[in-house]
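Multiple structures are listed underneath, in structure tokens.
The following pair of complexes shares a single chain, chain A, combined with chain B in the former and chain C in the latter.
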Partner chain A sequence: MMAETKRKADLKVIILGDYNVGKTSFVCRYIDGTFQTKEPTIGAAFFLKQWGPYNIAVWDTAGDERYTGLSNFYCRNAGAAILAFDMTSVSSFESLWARFIPLLDSALENCIKVVVGMKLDLLDSDRTREITIEEATKFSREINSNIDISHLPKDPYFETSSLKGSNVTEVFEYIFNHCVPLTDAEKRVAGNTGIVDLSKPVNDGAKDKKKCC
Partner chain B sequence: MEITFVFVVHYMIEERQSSSGKVVFHNEKLGHKYLALKKPVAQLKAASALNRILVLCDNTLTLLNMFDLEPILSGAKVKGVTCFCLNETPSRGSPFSVEICVALKKKQLQYYTATEDRLIHVKDISLSEPAVSLGVDGSYICVATTSQYCMVNYESGHMQDLFPFDSETSKPLIRRISKEEFLLSGPSALGMFVTSAGISQRPPLQWSENLMGVSYIHPYIIAVNDEFITIHSILDQQQKQAIPFQGGSFIGNFDGKMFVASQKEIYSLVPVAWEKQVQSLLADKRVSEALDLARNANRVGLSKDKFSKVFRRFEQQAAFIEFSQQHFEEARELFKEGQVDVREVLSLYPRLLPSNCNFTRSVPLLHEIADVNQLSRGDETVMKEYRNFLRLYLEEIRGTKDAVGYKQEIDVGLLKLYAEVNSPELVPLIAVDTGCDLKDCVDWLEKYERHHALALLYKVHKENDKALAVWMRLINGDIKDENFLGLDFVAEFLANLSDHELVWKYVDSILVKDAQLGVRVFTERPAKEPPSERLRPEAVIDYLHRFPEAVITYLEHLVFQKKLEKEKYHTHLAVLYLDAVLQLMKENNVKKEHLDIARSKLRHILQMSNLYRVQLILGKVKQTDMYAECAILYGKLEEHDKALRILVHKLKDYGAAETYCLVNSQGKDPSVRKRLFHILLSVYLDPSYEQRDSLVQPAVTLLNSNLSEFDTVKVIQSIPENWSVSLLSQFLMRTARKSMNSCRNIRIERMMSRGENLQVTQNSIEMQRNYVTMNDDRMCAMCNRAFGDTSFVRYPNGVVTHVHCAKNKHVCPVTGKLFSTKQS
Partner chain C sequence: MAERKKEADHLPTSESDQDDFIEPDPPVVTNQAVADTFVNIDYEDLVNPDYDSHPSGYIHEIVRQGSHDDDDEPRVAVSSVSDVSTGEESSEDHTEISTKEISQALDEVSKLQHPEVSLEDEEEIDEVDTQEWRQRKKHVFILSQAGKPVYTRFGNEDKLVTVMGVMSALVSFVQDSKDLVRFMVAGDHKFVFLVREHLILVCVSHGAESSQQILLHLSYVYNQILSVLTFSTLHRIFKQRRNYDLRRLLTGAEKFLDNLLNMMDTEPGMLLGAVRCLPLDSQVRDNIAQTIVQNAKVKDLVFALILANNQLVTLVRMKKYFLHPMDLHLIINLVNASESFKAAESWTPICLPKFDSSGFLQAHISYLDDRCETCLLLLSVDRESFFILSECRNKIKERLVKYNALKAISDSLMKTSYSIQQCGISDLRHFLYKSRHMAQFTSPELEAPYLSETEQERLCGLYFYLHHRIHTSARPLKILYTVGPHETLLGWVTQSFELYAVFGPLVTKVAAIQAINKLLRWVKREEDRLFIPNHVTF
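Our next item is the complex of A and B:
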């Protein structure tokens, strides 16, 4: 891992949000493609993602209030911030404004702030939505006054479920396409993830071989 | 009141290796110095380059001589100091000085250059709060003030706040880790990595509370509190080890040697050699940690080649560990990266290595796996996964550089795996450039009843007889294999087989099963096959006697495809066709189209070929009412009158009669065509034929036809008197027009020729009008000698040469100019 971290990242993405809104699960869903409930993060955790020719550093911060001082430090030079809240908790949404927006002073000037509602799957069951889509969308527009949001394909607000994996990849690709857009050629390479599927037969090429005689 | 005696003591510590390999230290006190001060020494640092020791005591920084410990009294002294830090990596260091950063009690840092006897003040940096701890690297100073950490560039004066920190509750620690990177003790006992840019590139690590000191020896962070020494790796930020140690108060890395002190004693921490660490991680099956550590060992004590060899061995061991845990993806990567001998892998699968392979596992063993049966413990699904893994792995490395030298082992392994599961890959594996030998593959294929594959393997090894024997058993149904491609396949194989003895041996069974298919063995021979005595057409025809259909097909092949011009084949084929027709005619209820097809085949050969014995066929045909065939035969005998009479009188097929004239005059002199048409006309006009009136219409049609050609005068002479002119008007008009046309054409041609003649004459006169002066001075343009003869050559561009010097009359010998070769 050290060799990787030593390479300078082309984009720093920071994930902020209240304690237990599901920030680490969200990142793990994106990186590993699985859902895991996580121990509380200590300080911060770090992931590297390859996006075409770019190295992207994803910093997952601890939501616990005692680490707030450090979060400010981890926000430094961030090109994008994911502001996560729990859609079933008003206080987690209010914290974004009260606690986390000020931290982003140390981020890059053109830092894009994407508001992400977590635990969409809970709304399907008995839990009630505490924050309306309109409220969250309005908020997401307000905090991005530093950039020209008219060029974005949509408002910087997403509702996601790490449990089901819905909308998770979309959030990251929304950010990457804004900050480090790929050319068509690079996209093709990025699409080829280099994953070899062991269960898939790999004999396609062999069929072209001539039969005997 | 507590009385403090301040001493600086000088020890010599020697590291020795005992005969058992254990490191022992031997120390010897060399001297001590009593400092007449009331406070304990706060910091002590050697500046070896200057032979000086920097001492901070009672808020005063002074220099001592490194050997006799005597103070340097030349004014090298800074007062009001809370702490200092030596810059081990100055950005522009002089070998005769060291750079020091000093924190003062008043909110200020000072930067000094120290020489043997002096401290030269370089710079002041003001702070908002007093500094408590320092770290320096290059141009950067990392400072802990009473409430926070910040990063200062002492050259530019730029200052950046890092994060808040309460120096009251825990001790601020700053340790340089690598170029422009520091490790700081953060809030909640976090170890925070910070770069000179004020950001972090590694996640924090979790320490225990109340750290007294922290040090770094790649790749480990070693921290001391009053109960434990803890060791974290910077590779994954995880704690690797905790050593109980009471009362730890100090730790330091002195040129790669770790020393740790309690209140009473000093110990050395001796790291286990990295190879041993890796080995023990592997023993715990902590594969990725082990390889990360090995990769980051910075090749301690090894050359590049040696390191990569050691590292590869670790990868190989790791590969087998992953393999034994069914982590197939990881194992596959490691097998490849570690360049594991493929036989090591194959040897884990009982009976998959070729029996002639005398491979023994490398010593020392890379793993302790007996075989995959041991790993799967009889679980069928696991076993299947192992076999599947091997198949994919072999397929992947087949043909790559990892497979060099092991083609046979890999191919035999694959063959056995494929045979077990009846994979569709089995046939291509054998057919295309296979490394499979016969020896144990034959047994294996027989065991799994892959007969077709077995036959193919025989074929690849040129054992065609055995291969055919297997296929014959498949054809006869003695054995079964769904992959067998059937009779066609064998016929095709025989058709391409150069061993004609074998062809004869096996062709019979195919002919018996399917004569039409069997004859393909003879008709579809490779184009380049040299003629052989065994496959002489006569021999084949004789042999095929039992299979009449086959004979016809074979003769058709000889006559039409190979275009053999032998009377015998042509006659034979014509006779066979005729027999077929006669046979059909004899039978009742024969569909008309069958008969038509048979007759058209017959007519085709009669018309197309000129080689068969016409009389023989004619003799037979005359006895029947096959008039069309008769006409063709008469045509072949040049008895056109007879032929045309049949067509006109018997068949009344006037179109055919016309076509006959065209066909029989094809490629011959135009007069032949005219003659044939006259014969036809005379047949139409024959006064002796009783139904001659019915032929007036076809006669007129013939005369008016665009295709027919006649001598007009002769036609008019032969026309009966009683025909009206109107009947002939069309013919006459056309003829008149035609002859007018040709008359005019000829005149045009004549005039054009005359014009051309005039042109040529003019050219000739113009050319001859120029004169050439020949005198003694005139030399040949080629050989530059005088002309002794009266004849010479003049080229159109004026070059004059000897006759024998003019090699080519179209090319000027001097300029190379090309003159028109057109005759004009």
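Our next item is the complex of A and C:
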């Protein structure tokens, strides 16, 4: 508690979900912009993300059952929860309800719970979808009865692929726009990700030359 | 290990041990091959079952409090599991196995010893039916008291239900006559059993280790499980449901067991009950320790340590609390086995069974350099202290960068360890030197002829043999000089150190003894760099 006053994050986002659904890959896709298959997380990993003037604390948790006792620590005062499941596995969807929703009792009262289907890319190949969009959307509405979802731009359900990077940033921005909305001026700053892409052709040099003449 | 604990308490004894040694009469001079007898092993001394002993003290109270908190939480693993139980996990007692099953399984056990048994051509051959599986050097199986498979080093536990059933039958059969099965020897295979309150650990090996050494390895494996679950959890689960499938709770932890077993095959540290320190200038090391002390003054922080490439750089501890080498090995294994700490700061529970098996410490784990070589661990009893520790970590990192300490660490890592030539002793090929009161050891790099994997394995086997001959409880030795076909071995144990040296085969006894006297002087000179004489306290 003393800690939270010391380095206060403006928003705490927690990622929950079964073992091996791809939580860490999801976070890494967002933070680093790359896809890596990750070793199983041990305990929980902490990431700090800047969003405009806000500090966002992201907790990536281990899905293993034995770490359940620890969850109280990182669920407490969470402003947003990403509930991740593997779209090719029914059991991972069922555990959201059975194991993870109860953990969020200690989260903030207006905690937004975003249901995120992982491994969208697998559905393109031979694996079959086990959870329908309707099912998941319905579930995502039910668990968010604590907040007024009619003000949200869409239902808190996303289907993502960390491999291809589809819909990953969208999930985080959806959350941030809801919890810590930015003014237009702040948005422009936030748009600058701070990543320099070396493979991108740089036009600035040409402009500078013109100025010289 | 009880023995080791006592040793660790010993104050450094006088150096007279070393200086007086001119030319002693080695009590046993032998060329005898591995004609070992496995009698009179002091079982209790080796694997001290002091896990439910309750260490007292302020920190231990918090640790236990933490585990009680877990009890109170309504959704602890066990309770959630019972909702999902299948009919198969009923209350029937799995130790009661039909005769048919026993004979069937005995067949399978016998296959372990007779790899020549032909394979039936089936469409799908399970790994456990393959020649390759049977010829593995060292199998480790873990099963519950009810005979349920928990872990196998090779293959799939599900395919080993019958074999494990037999193992559990053997154990309970001997237990019936108020006795304990310890090991069986069949040909060149040893079957070693470690029976704990809720788990049975079995090792089937045809490697160079003695049964005592295997027993030590098994107790490491057992402690690794406690490190993941705590004894309290293990006890609670099996008290509620004898038939519980422990694999549920160990998902993702198998790699720690695998890694630990692989490390034990090649690393002498666990055999010696000692850790290896990264060679560093003592002043640099002091600086690092002081940096930690100054920047991590946090209530309830019990241990702070830096590891680099499985070696200890520094350890800072709370007054009155000690880190047992066995626990330290488990920490090293945790860091060594997982890549996930490299991605971000992590916060994870870890139980140190020798420290307190009843509850968890919380570990803040992070790498300090971009290349992910230097790992800082902060172990606290306060579950909420992540952010405080994270701040400490940033300060420590900042200072260590400023003082060039991180660079010193990576330089030392680059240089690898040291060459045997640096000791300046001809004929000496390799050695292990353990300081008993520090529970630390040192050894030079492996060089020719020990470059190939098979040669390294053979060298390791020589050390196993030498260690076993000296420590066998039937007749413990102080000095052993033995000439083998490829090398001459000399082992020497005093109150303050243990030395195992490997010479070329043609060295004379006199020359070997002169060499180790010289070696001891060299170690003494280098001591400040190779060892950490005492750990700083907060």
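Basically, the second predicted complex is superposed on the first by the 187 of 213 C-alpha atoms of A that agree within 3 Å, B and C clash if a C-alpha of one lies under 4 Å from a C-alpha of the other, contacts with A are read in each partner's own complex, and residues count from 1 in each chain.
Definition applied: contacts are C-beta pairs under 8 Å (C-beta built on N, C-alpha and C of every residue); 3 or more make two chains touch, one makes a residue touch a chain.
Worth saying up front: this structure is predicted, and the values here are computed from it rather than measured.
S.K.: Is A:T24 touching anything from chain B or chain C once the two structures are fitted on A? First, second, both or neither.
M.R.: second
S.K.: Just checking: does A:R99 make contact with chain B only, chain C only, both, or neither of them? Give me first, second, both or neither.
M.R.: So A:R99 only meets chain C here.
S.K.: Would you check which partner chain A:N77 touches, where first means chain B only, second means chain C only, and both and neither mean what they say?
M.R.: Only chain B is touched by A:N77; chain C is not.
S.K.: Regarding the shared-chain residue A:A185, is it in contact with chain B (first), chain C (second), both, or neither?
M.R.: neither
S.K.: Once the two structures are fitted together, what part of chain A is touched by chain B and by chain C alike?
M.R.: Looking at chain A, the two contact sets intersect at 1-3, 6, 42-46, 66-67, 69-70, 72-74.
S.K.: Going by the contact rule set out above, which residues of chain B touch chain A in the complex?
M.R.: Contacts found on chain B: 162-165, 186-188, 190, 192, 194, 197-204, 206, 219, 234-236, 292, 295-296, 328-329, 388-389, 392, 395, 424-425, 427-428, 430-432, 456, 459, 489, 492-493, 496.
S.K.: For a test of understanding, state which residues of chain A touch chain C in their complex under the given definition.
M.R.: Answer in residue numbers: 1-4, 6-7, 19, 24, 28, 38-47, 60, 62, 64-70, 72-74, 98-99, 102-103.
S.K.: In the complex formed with chain A, which residues of chain C make contact?
M.R.: 69-70, 73, 75-77, 80-81, 83, 228-229, 233, 248-253, 255, 334, 338-341, 343-349, 363, 365, 383-388, 390-391
S.K.: Quick check: in the complex, which residue numbers of chain A touch chain B?
M.R.: That would be residues 1-3, 5-6, 9, 12, 42-46, 57, 59, 66-67, 69-70, 72-74, 76-77, 196, 198, 202-203, 206, 209-213 of chain A.
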